Amino acid sequence: MQIRVIVPVIPYETVDATRTLYAAAARPDAEISVVCLDQGPVSIESDYEEALAVPDLLTKVRAAEHEGMDAVIIDCTSDAGLSPSRELASIPVVGPGQTAMHLAAILGHRFSVITVLEAAIHPFYRLARLNGLEKELASVRSVNIPVLDLDKDRERVVGALVEQATRAVTEDGAHVIVFGCTAMMGLAHQVELALAERGYAVPVIDPGVAAVKLAEGLVDMRLSHSKRTYPSPPPKEIVGYEVGL
Amino acid sequence: MQIRVIVPVIPYETVDATRTLYAAAARPDAEISVVCLDQGPVSIESDYEEALAVPDLLTKVRAAEHEGMDAVIIDCTSDAGLSPSRELASIPVVGPGQTAMHLAAILGHRFSVITVLEAAIHPFYRLARLNGLEKELASVRSVNIPVLDLDKDRERVVGALVEQATRAVTEDGAHVIVFGCTAMMGLAHQVELALAERGYAVPVIDPGVAAVKLAEGLVDMRLSHSKRTYPSPPPKEIVGYEVGL
Amino acid sequence: MQIRVIVPVIPYETVDATRTLYAAAARPDAEISVVCLDQGPVSIESDYEEALAVPDLLTKVRAAEHEGMDAVIIDCTSDAGLSPSRELASIPVVGPGQTAMHLAAILGHRFSVITVLEAAIHPFYRLARLNGLEKELASVRSVNIPVLDLDKDRERVVGALVEQATRAVTEDGAHVIVFGCTAMMGLAHQVELALAERGYAVPVIDPGVAAVKLAEGLVDMRLSHSKRTYPSPPPKEIVGYEVGL
Amino acid sequence: MQIRVIVPVIPYETVDATRTLYAAAARPDAEISVVCLDQGPVSIESDYEEALAVPDLLTKVRAAEHEGMDAVIIDCTSDAGLSPSRELASIPVVGPGQTAMHLAAILGHRFSVITVLEAAIHPFYRLARLNGLEKELASVRSVNIPVLDLDKDRERVVGALVEQATRAVTEDGAHVIVFGCTAMMGLAHQVELALAERGYAVPVIDPGVAAVKLAEGLVDMRLSHSKRTYPSPPPKEIVGYEVGL
Amino acid sequence: MQIRVIVPVIPYETVDATRTLYAAAARPDAEISVVCLDQGPVSIESDYEEALAVPDLLTKVRAAEHEGMDAVIIDCTSDAGLSPSRELASIPVVGPGQTAMHLAAILGHRFSVITVLEAAIHPFYRLARLNGLEKELASVRSVNIPVLDLDKDRERVVGALVEQATRAVTEDGAHVIVFGCTAMMGLAHQVELALAERGYAVPVIDPGVAAVKLAEGLVDMRLSHSKRTYPSPPPKEIVGYEVGL
Amino acid sequence: MQIRVIVPVIPYETVDATRTLYAAAARPDAEISVVCLDQGPVSIESDYEEALAVPDLLTKVRAAEHEGMDAVIIDCTSDAGLSPSRELASIPVVGPGQTAMHLAAILGHRFSVITVLEAAIHPFYRLARLNGLEKELASVRSVNIPVLDLDKDRERVVGALVEQATRAVTEDGAHVIVFGCTAMMGLAHQVELALAERGYAVPVIDPGVAAVKLAEGLVDMRLSHSKRTYPSPPPKEIVGYEVGL
């Protein structure tokens, strides 16, 4: 099967690392391709940046379906553009934030999200509410490191993640940890082991990896999102965008 | 005071009627100006169309604040782009959907939304959930008339609104009615009277008018949205948009 | 338009200050009149005192409608007697507590109420639940100053409000502050500025002022509460009260 | 033990029947005394009437404690004045509505309330919400018979109760039935048997009887309501009421 | 009336104390008999142990009804086997956890549960959710003493209960305390007095005693659980258990 | 990887069909083994039967981990014994009911469960509540065919499923359908196509297949349930069961 990962930002230095991480997460029969945007922000840390990422993301979603992809993953834990993408596509479009939150609810009582910056905290409360999982969310915490710095000092990032996850467990009552940025991809197992060494046996979920597993499973099951929830938009004049539904 | 109404669609035939209706809703000391988009859809009936309306809407929001407006109203009951607009602006940005739902909750036990098309029903359940008012929402119903046809046969529209509102009251237990499209503006009082004649004494809320009243009130109170919820985005490279924060 | 403010307590020393504050909050075309009770408590800090305020409050509500008022405001953040008042009246009756809580939910993610005494904390949780806004309420805190002392040392009151609001923001995650007593009227902007100076950019809502804005807006919109939620009581023998429905 | 039942209305024709029914509900060692109000409405079918019943009810609550009663029951399923009564009293004050709703939640999945008039429907949704049991409430239905007519044709009342309870079970998914007026007292077992004969094995709860059982149990357990939730009001000037805390 | 208490563990040293405590809780006309299991764990501190207690518990429930008991109490605050027991029985089966939580919700705003071990904390959140009382639960705390040690040093147990209850009140906002293990039976009044001495006037609920009062009340009212919620299982082949429905 | 499916009933006629269906659902590198119970009921249609299935189910879970399995699936949509199984096991234990409900919430707005018998309806409301998904559950419907008859006339079963699913969509507002019995395994795609032909484009989820996909994904991700939620039971005397923790 063929899975298209759309990174909803313009190309960045470590995009090859992203490719490698997604390929490593996929099973042998799943071929991963990763594309970035032509138009949009360099990273997403606000609703404003997200809003400017979505139009070109939608172009990439349409392209993915036209090119015969079996599923699409939006590489952003805020699930940027998930709903309009699902309206456009009949193949499954997977949001890592939604996927990771539901998986966390399956694995234990209450989860905490550890994200990048303080400004990114409130949107996860909103995302949990939108997904009906507000009561399962113990807390949202930040490591206080911008997205584009996550790749620079992995050891510091791991240390900050372990520190905040520990506080989520001991102070907020979290039983499961969810990463709040796909740029933390690849660190979940390391953080889980560090927490276990401190005596906190909690699963740590990497939303990007969880999204790959959901995409693979949906393709296997020949299931996609409900077109009653995400109906195809009617043909309509739109100025400034060549969308060609 | 000066209030800017941004209609998040490209110019349409009856935009003068919109201007007149908003001016009629405002109090004497409030000057209303109405602008449309340069880029975007001709109407918003899906998340996809909304996504393509938001980038230029954000340009118009920034312009409104630069031009010294006191408040902005987004002329769409789906509150298109409300959150990124509030990140950009320090002046109040008002969403008619959010405003009308909270007003309905103030005026009585449970409300129903009457919107245009079946495809627009689910988004109002989501909007109510997002605003924490899911339990107050009795139902969402549609008149099954597209946005662009609402202006064509006002009598038929009123009839359909009265019919669906009656069913919302008698079958779904609604005590308050909320219009689910700003293109229904100007019909609330007429529908309320027709319902009263049928024996159903329920308030009928016109979200556009309610938004004007909230905007006026916020300006009077020197209140705006919380910048802890809607922090200003950091300066950042964005390809394809001249946003000039 | 004419708005009647009913203060649900017997006349008190600083009633003229209340008149001045309400008049200042109203727009030029809104004439405010303020009345107190003939029978009732000197202040409301319990459900017991509220219960003894309501019968005469109802007389004042009926009088307001008979005298041609356009709207009534009950000057108490507990919304004392709001529901029976709305049963009696066809003109809008506005509760500052309900109004301020919904306005807070509109302006940001989660709000905290700062009230007078510890004993007044629990009723705000109940009021938030009653209004369907329990999940939006971050916390209720008190300045530990009785209602009748609020006028005595305004500086101390402001200091205590700023202190508790700061803790609400930093410890409880509040993004919006709501005053929990109408006797704090007039201090919101001062407290908001002091919080901003400390680095906490949160709106501070004065329920009395918000009630004036809602009353003005409802009159403009020709909207009132739903008579399906608040049906007029049937004529009935009542001993001890000359109610004359 | 001595239990005082306060009927929050002025004396009515069948008050002796009320006495007999309460006495029959009590166990042998529980002595029941029933008092009515000196001031108040002849029946409670609105928040307005309830508001005019509460002041004298509070006098009766205080008297009950002074006379050495062990517990008080407010004979009204709307729990009129429950909260201020509990502030005044240290002995347990029991509300039949609250008691019956919690008992219903114990006995099965979702309950329906069958009350007197359409106007009394909405208050039960509010009461369920106030008690945190909104999700357990399947529906509220009315027999469309005023309180004062309930005693006139018991057979018709039973028939209407069975009819509405049947619809609550088959159309609304109720598993338990709760009477929505204490004037229906004494009919629960008869209605339960009639429902069983129709094939609907659901418990039917008489709130007045349930209140007696809770009062007896609380006295046995030496438990009362929490004074943190219902703190004693401070001494204070109150004009028009001789309350003598 | 005859009430059968089934202790869902194998016989233990202090079973006579349990008998004495239950007998003391019952009113004179209620005869209590206490039985233990023949097969099962020595104490219940996990879902695993609970699962192995239930099969023989069900045998004892069936025996209780065959022997003419009027009601059954399952002596475990986790309400082990409550649902299958109610399917088997037509006489009321009472769960102390469910009973105590609803009683706590009746007596005040939010309650905390004080249980034995940290591992027993999460199940009470689940039990509160199952009973629709999640929002009423302020916190769950543990004294960190295993069930079988509760009888060894009652003074230490009382001290730990008072300590945790104090923190529940001051840190978690509890207005009512519920014991989280029936082996704490008999200590509620002592803990309530100690809390009152510290200035915290909160009711302390002993679930075993509350269960006795509910059982007595249900028998008086001739009420039992709903057979629509707990239908009798159909006759069916079951290997390894002689259940004889 | 090796996945053990435990069917929590004694061996039945069509167990080979179950094996084939599970094998067909698994990806090539996942080896499925299916075991039944030695002790327990012939089918699970009540909490009573479930309670008698769990002890031997737990033996089978322990055996699965000892034999080196990578994950366990409990073949029952009621998730019989899920919680105690997770306490015993460190490898992931997957419940088809929980998995399917969360997957449904991911794929669309509100889902309906179509189960076997009327008596099985209420347990799905409870399961949804337990999993925090009560608000996402549009309805539960039954085909009125006992578990053991599901294999007898597949055409009739499909017809009944399509009929009830259609009503769930049109009358209850379901956007996603979930099968409420693992014995319906293999029919999802057929039912989905039939619904699409009728004009209802909704995903139909087969809980058994979804459980296989989740198990595969968890093994890939080296994730299991949280041991803070499901701590290992302490060693303890248990009479009648040779559990050997």
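Per-chain numbering from 1; labels A, B, C, D, E and F assigned in written order.
Here is the rule we use: contacts are C-beta pairs under 8 Å (C-beta built on N, C-alpha and C of every residue); 3 or more make two chains touch, one makes a residue touch a chain.
Not measured: the values here are computed from a predicted model.
Steps from subunit A to subunit D, minimised over paths through touching chains, total 2. Steps from subunit B to subunit E, minimised over paths through touching chains, total 2. Across the assembly, the mean Cα position most removed from that of subunit D is the one of A.
At the subunit D-subunit E interface, residue numbers used by both copies make up over half of all numbers present, so the two copies contact each other through mostly the same positions.
Between subunit B and subunit F, the centres computed from C-alpha atoms are 44 Å apart. Centre-to-centre separation of subunit A and subunit F, using mean CA positions: 27 Å. Within subunit A, contacts with two or more other chains are made by residues 109, 122, 126, 132, 135, 175, 228-230. Of all possible chain pairs, the ones that touch are A-B, A-C, A-E, A-F, B-C, B-D, B-F, C-D, C-E, D-E, D-F, E-F.
Taken together, the subunit A residues at the contact with subunit E in this complex read 109, 135, 175. Here subunit A touches subunit C in the complex through residues 122, 125-126, 134, going by the rule given at the top.
Subunit F contributes residues 10, 37-43, 45-52, 54-56, 58, 81, 83-84, 87-88, 119, 122, 126, 129-130, 132, 228-231, 233-234, 236-241, 243 to its touches with subunit E in the complex.
Across the complex, subunit C is touched by residues 25, 27-29, 98-99, 102-103, 105-109, 131-133, 135-136, 169, 175-176, 188-189, 200-203, 205-206, 209-210, 213-214, 216-217, 220-230 of subunit B.
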